[in-house]
Amino acid sequence: MSTKTDKIDRLAALTAQRETTTGGSLWVEAFRRLRSSKMALIGVAIMALFVVIALIGPWIAPHNPTSQLWRDEVFTNRGEFVGPRGENWLGLDHLGRDQLSRMLVGARQTLLVGVISTVLGFVVGALIGGVSGAALAFGGRAGQRLDTVLMRFIDMMLAMPSLLLAVSIAAVMGQSLTTVMIAVGVVQVPIFARLLRGSMLSQANADYVLAARALGVRRRRVVMGHVLPNSLGPVIVQSTLALATAIIEAAALSYLGLGNPDAAQPEWGVMLAQAERFFDEAPFMAICPALGIIVTALGFTLLGESMREALDPKLRS
Amino acid sequence: ASERDDDNSGGDSEVFVFGAAGDPAAIDPSLGSDGETFRVTRQAFETLIDHEPGGTELVGGLAHDWSSNEEGTEWTFELEEGVTFHDGEELTAEVVCQNFDRWYNWAGTYQNTTLSYYWQAVFGGFAENESEDVPEPNYVGCEAPDELTATITVAEPSANYPGGFSLQAFSIHSPKAIEAYAEDDPSGEGENITFPGYSQEAGTVAGTGPFQVSEWNKGNGEVTLERFDDYWGETDAGVEELVFRTIPEESARRQALQAGDIHGYDLVAPADVSTLEEEGFQVPIRGVFNILYMGIIQERQPELEDVQVRQALAHALDRQNIVDTQLPEGGVAATQFIPDTVAGYSEDVQTYEYDPELAQELLAEAGAENLTLEFCYPTEVTRPYMPAPADIYELLRADLEAVGITVEPKPLTWNPDYQETTRSGGCDVYLLGWTGDFNDAYNFLGTWFDGYTKEWGFQNDEIFDLLSEVRTEPDVATREAMYEEANEAIMEFLPGVPISSSPPSIAFSPDVNLPTVSPLTQENFAEVSFK
Amino acid sequence: MSLLELNEVKVHFPVKRGVFFDRTVGHVYAVDGVSLTIEAGQTYGLVGESGCGKTTLGRAVLRLNEITSGEVVFDGTDLAALPDEEMRRSRRRLQMVFQDPLGSLNPRQNIESILAEGMAAHGIGANRTERRAKIVEVLERVGLPADALSRYPHEFSGGQRQRIGIARALVLEPDLIICDEPVSALDVSIQAQVINLLEELQESMGLTYLVIAHDLAVVRHISDVIGVMYLGALVEEAPSDLLYAEPRHPYTRALMSAVPVPDPEVEDNRERILLRGDLPSPANPPTGCRFHTRCPWRQAERCDTERPVLTELADGHRVACHYAAEIADGTIQPVRELAERIIPEGESVAVSEKADTGE
Amino acid sequence: MPLLSVDELKVTFQGQGRRASTAVSGVSFDVDEGQVVGLVGESGCGKSVTSLALMGLLPKKGVRVEGRADYRGTDLLSLRPSAMRDLRGTQLAMIFQDPLSSLNPVVPIGVQVTEILSRHRGMRGQAARDEAAALLERVGIPDPTRRLKEYPHQLSGGMRQRALIAMAVACAPRLLIADEPTTALDVTIQAQILELLKELVDQEGTALLMITHDLGVVAGLCDDVNVLYAGKVVESADRRNLFAEPAHPYAHGLLNSIPRLDAPRGQPLNPVRGSINDQIAWADGCAFAPRCDHYTLECLEGAPELGPLAGAGAPAGHQVRCVNPVRERLETVTLADVGAGDDSPAEPVTQKEETSE
Amino acid sequence: MLRLVVRRLLQLIPTLFGLTVLLFIWIHRLPGGPAWALLGERGNEAARRQIEEQLGLNEPLLVQYGRWLRRLFELDLGNSVKTGQPVWDEFTLRFPATFELGVTALLFAVIIGIPLGYFAARRRGSWLDVTAVSGSLLGICVPVFFLAMILRSIFAVNLGWLPSGGRLTTGIDATDVTGFAVLDGVLTGEFDASWDAIQHLILPGLALASIPLAVVVRITRASVLEVLSEDYVRTAESKGLRKSVVRGRHVLRNALLPVVTTVGLLTGSLLSGAVLTESAFSFGGIGSFIRQAISDRDYPVLMGFILFIALLYMLINLVVDLTYGLIDPRVRVN
């Protein structure tokens, strides 16, 4: 008898051991691949660093970023900008403010602009795309028409050069941080809308959606409970990419003079735009925010790219 | 600093390229109203009266002498002899009259401010006004008693004369050109404002200047002028060809100069001056002929109507600091609303030293410790009097906050939000300025203070009356005295805070002989030559 | 009374073109006039080649595809005419099991949620606990452990997933379950488990099945009546054993003879009819008898122009062939190059040659 | 000497960031000239990987291939890529499972056929086109000259598979590997394709390695059959022997579980318990043990060896990898003797074990 | 084929019509008007009234739109408020510059991007891959205005290899025939001028290409990766074909399909990128003109431009669709 139980136990143990090594869900597998991708690791590291700075920046900033503490020093040696030195690791800006502190505090603004505008683009885009996709897939004739109208609208937005769209929004709304966020967000709307719609359409014919309908589940619930959650993957990936674009786009708006109105409040895009004038005399003034923006955007993009790759079942190998 | 310099130096030595910040609107100066247009036309067209090289005093131009009757309603000009137009015509008094009659008889689209701004500003309306918004004409007529004497009659004397005759807009064109112009009627149908064809393409326009316009390549943003060999003046132009190339971005202009693609450019950022000088570029210093002020719109807040509060603002601002840090060399802090180069400048105005403590006291006295100001400043622009608006704002903000005032920033794009907002009284304080057209204080003060405007938002009959009076005073000397009085009154009332006068910097490559730089930015490029 | 009765059911999909405005340029005649009857407690097997409209027909019963015309009478009501909401409610009694076990389960739902969803939609079980009790019961029935409740589809093996799919249908206590290729995606060694389960359940719960499959052996194993589809229409219908013993339609004959049997003895010794050519497109079906383009027994004129209807030959044996009887008694011989007959001993002779020389 | 002799072929995948997984863990079999050898087994047991390894088509990165595959004296597994390239298409050819995805969608069929002719037979221009048309004709594609200009999507499934076969046989290869060539096809079409393959083997004397999971196909086509389980050959025998007397419990169970067209109705099937996921590593014992009804402790002492089936009357060449092979003869129940079915199923589906994973 | 094109073109009309209505309202709702822009500091209320009256801006929006539309039917886009020239003339004047620049940028993107993406995919995970991917991402991540400045600083100012801006060196002999500087040089035999124009195109082309380049690299890489795992590549390998044939005919040809679509879609981003790039390099194309027009509230120019862009964008997409049909037989229209 004991040999028999022994046997069963041993077999069970072996089988169980096997179980843990194989299989794994789409997500677990994707995560595993993500973890092993150089690109993703770099991206995550950059992103984490950036978020941490954005969160604690104001507390670790050595100086007040808005007060022109060394203004006399900068102004007395006109044209001679104060570069990095012990007291100011990244030097001073053209108004005698501590560049490091401005970078640290500015990270939050930059993150805020990026995140909020992306969220805005995501929400509005997803709404339009979602309604459109749901209408087309489940709305019958009328739905088709609604979809056509919405998609024509999105097409028009796509046809408008994004910068012009942003500029004209800024013009209508007047200048404020909110405007920047809205302008940058609106530009993302068509991308998210198209993506979600496409993704929903491809999911709408999936077997499990059909199964839900066969169960007699109500249409609304089919859309909300099945189609939508399963369509969000690519849209979420896109949002990390969009975040990077948003930060850059915001910088471009600042450069065009449509950025955050409070020029005293440090924000990387604004800093870069301001420093452009002094690039020859004081390259470090431009390089700090430029590197900040580039590296952050790169981080988000790398993460987004590798997420896209990790989730793409076709690229498994 | 580059190999390309060498490439160019050989064959191109006779072409002088100047980087302009914007395209001209037309090559007929009569239709122009902005500096970029006039910079170009000035090289090809001349006016009856001119400014002294490098200064603001009026001197003879095409007319070597001029005078007026006592009432200041008849202006007589004695013309130079032997002046030839680019198309070979001769300058006579008849021609001068033809020019003035052309402007006076403008109809249709021409009557739009866009096309005839200066005519309307200096001579009022037209023979037949077509719109209620066009002012009554002040021009009466022009006669040519002899070959070289032209008499222009106006209805009322004005502070605009004789300065106005020096405006590029009133350059003298060849009679043949004028005939040709008449055939090219811009009166496009309906709601279009069209610049007439002759003003958009070289060939028809003809003046008397040392250069003649030979090509306007709009696609490339280049206007090319050629040396006019029959120039009447003493010396011919120093270069064979003069090209104005549009480079809108400030840093792009600088880099183009550094790369040797252009030989000079205007509106140098103050921050670049020292770099350019170090690299061997020539950055001559101009005189000042403009004013930057912080406008206050008193109606917006009762506190602002209290002169003590306005004085507090004036004391709070460290104007010298702005001059030192933001303006090119040669800039000066302003004590009144005109630069010191303008006749009528008063030494005796009330001044407001930088004194934050006093400012705080004044605010306390006025009970305005919790003053909050909405502060407008323009973005995406540099003006000759204001090289970096955002930075100037930043400095002023710091100053104001230092005395306990809360500042709410309101940046607006220059075109058109900023102008629209400030003109319609949309902010508590704002930055704006003025560059003079000619040497008469009315050109400055009259613009702002000859009556109630929303952009200042106050009523002060003393000032208003004074300026209305001076407007029609024919005698120049009397006017000067009145201006001094007005300046003193204004600075006492303190409708705004004059901040600074700034010489717009201009830069040239090391290998050119400089023209005399002018506070009015009226450089004569005929003086330029290569070393 | 029969539980389900299809009357001349047609499902045509419009073929659309155009980028901005879809314009219908034609139709795919996926199901083109199918009538059949399923008795309660019976298993009806539907076989046919890929693309012949089996799935579409199955879905049409549940109205997952819009029905172009015809009646789907389920327990006395015509489903095709029901308003949407009532149709939704009547889906409780009609359930479906899908071919792809993983694909038909939402990867984001756990098993409990998958199973509870249908119950919630039809108001079965007053609350969560009640539903859970029911779910646990059903899980046990299909042979899944109760701890499966909180797990996700991907954590199960193929056979188990299909059991989940079956359980999902069972919790609603349906009368009819449509199984669309329930075992095609499963490995051979697992197929038998699921087939046994289906049979067991039918026995204990009195279910009625419409089983769709292309594996004739599987269909034969579980069905009482079998219908053979070709290009959107039924060509033959008969009780299971009868059909295999005496296939009457030329297509059925070819099909039967083409199925490989896992037995070398049988394989070596049987005679086979090899059809030439491919299945025509359902968007452009042949006129007359749909099978005439590939039929070795095709006769001039009539087969090309007249569409045969299902006619009862013998007891419950219905065939849609003009010459079924003649073919059966050998009056008509297979002709033309439409097929070759493989005769054992490695000797293969084109039928045509034979026929030609014979004539 | 066999044409191809595979010896202890082992393929390990070492994907990025994943544990190494052994897809094929020691497969050996021989293929003789003119012979059809079957490789059967469930999904994921390593059939495709084996064939790809032989063709040298596995990705270079993250894959370790061990063992020997002796083809006419050369080891295919250690051949230089360029030499392998020369061999592929001429000596070795392959037909894949899904004919649509295996054809380049944007290149006309004609080019896809002629490119192999120009590569290996130096044919160009019209000559190549004529030969290509002849090839298509030979595999039974009607109107071949027209088809040459068409794209894969314009062909039906059966024709695509025929086109793939045409490419495979273009240079008269000595060994043809067919990886589930009919799985994607309908029964009637499958029969056509199988017939075509049979014909080719008969006429050319080509050796065919037939990979499939359909035992029916094997029964009709193959001479020798190798049954794979979890990356190892568990049974290898002549087709008749295998079907008559499957010795490995897996092969036995498999044959026992499938419904047969010619078997009586109304009997429950006898499934193999569990699924292929319920396996243990060969290093720990017999991979099939968790699903086996006959396993003993011995089964868990390392992988059993593939050895000749012991016992009297055991046919030569019947090899099995099992400690206690099934000895009973599989009863073939045909319609002829309806009712005399096997009514003692090995064990009913025990849900406990089934779901204990 | 022709019918399809015609139908597609007809289908554009309602979309464009909707677009113009929306835009007209939108643009005219922008605060401020052209008056201030025209006169600067010298503007005043009276001037504003006068200008608005002249331009008919004081009339109801509907009337204005009606007039605009009526003129559109006469193929008249109106005159620019700022320059006083017909909008159409302004476009034809400036379009060649933008077109040349756009083509250059696309060429850069395609010529550099496709090989880079291809090799990155072939050596997936290698340093080349990581460098190519992050390098091209950098293209997306650097703001264009900053990139422009850096490029000018390096190549024009410090190295002096290339001009810092403009379309042609001042004073070079160039006859204007078509407006396309490079082409003109070739047509008139003034090869110096062509060469000069090309030199002027390099830096702005690079700056403008930064984003498309990155996108092309990414798409090519993803697409090649996908194709490499396709069955037909394995089939090609199994036929023993030469590497070059496998890679060219079987991998690249398929991998380029999505790239074509992407390149088409990119033209939209090229046009908006041109707004910044042209200003940065004083390139005098439509982009910088439009940027000015926005702040000038140059309504006719804006309307005309957006109509033009939308039309162009849709036409390009049509062309892309048709090309796609040509290179991918599966979507070929019959």
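A few points about this structure:
Here the chain labels run A, B, C, D and E in written order, and each chain numbers its own residues starting at 1.
The criterion applied here is as follows: a contact is a pair of C-beta atoms (placed from the backbone, for glycine too) under 8 Å apart; a residue touches a chain by one contact, two chains touch by 3 or more.
Note that the coordinates shown come from a computational prediction; the quantities given were computed from them, not determined experimentally.
The chains in contact with chain C as well as with chain E are A, D. The greatest number of inter-chain C-beta pairs in contact is found between B-E. With centres defined as mean CA coordinates, chain C is found 48 Å away from chain A. Remark: chain B and chain D have CA centroids separated by 90 Å (rounded to whole angstrom).
Separating the CA-averaged centres of chain D and chain E is a span of 54 Å.
Counting partners per residue, chain A has 23, 171, 174, 276, 279-280, 317 as the residues that reach two or more other chains. Counting partner chains per residue, chain E shows two or more touched chains at residues 15, 31, 125, 149, 153. In chain D, the residues that reach two or more other chains under the touch definition are 16, 277-278, 357. Within the complex formed with chain D, the residues of chain E that make contact are 125, 230-232, 234-243, 245, 249-250, 253-254, 257, 327-330. Residues 1-5, 8, 11-12, 15, 17, 23, 25, 33-34, 109, 112-115, 117, 121, 131, 133-134, 186, 188, 190-195, 200, 217-222, 241, 243, 245-249, 251-252, 255-256, 258-262, 380, 383, 413-417, 419-420, 423, 432-435 of chain B are the ones touching chain E in the complex.
Of all residues in chain A, those touching chain B in their complex are 67-68, 71, 74-75, 78-80, 94-95, 171, 174-175, 256-258, 261-264, 274, 276-281.
Residues 23-26, 148, 206-208, 210-218, 221, 225-226, 229-230 of chain A touch chain C in their complex.
Interface of chain A with chain E (complex): residues 38-39, 42, 152-153, 155-156, 158-164, 167-168, 171-172, 174, 244-245, 248, 251-252, 255, 269, 272-273, 276, 279-280, 286, 290, 293-295, 297-298, 301-302, 305, 308-309, 312, 314-315, 317.
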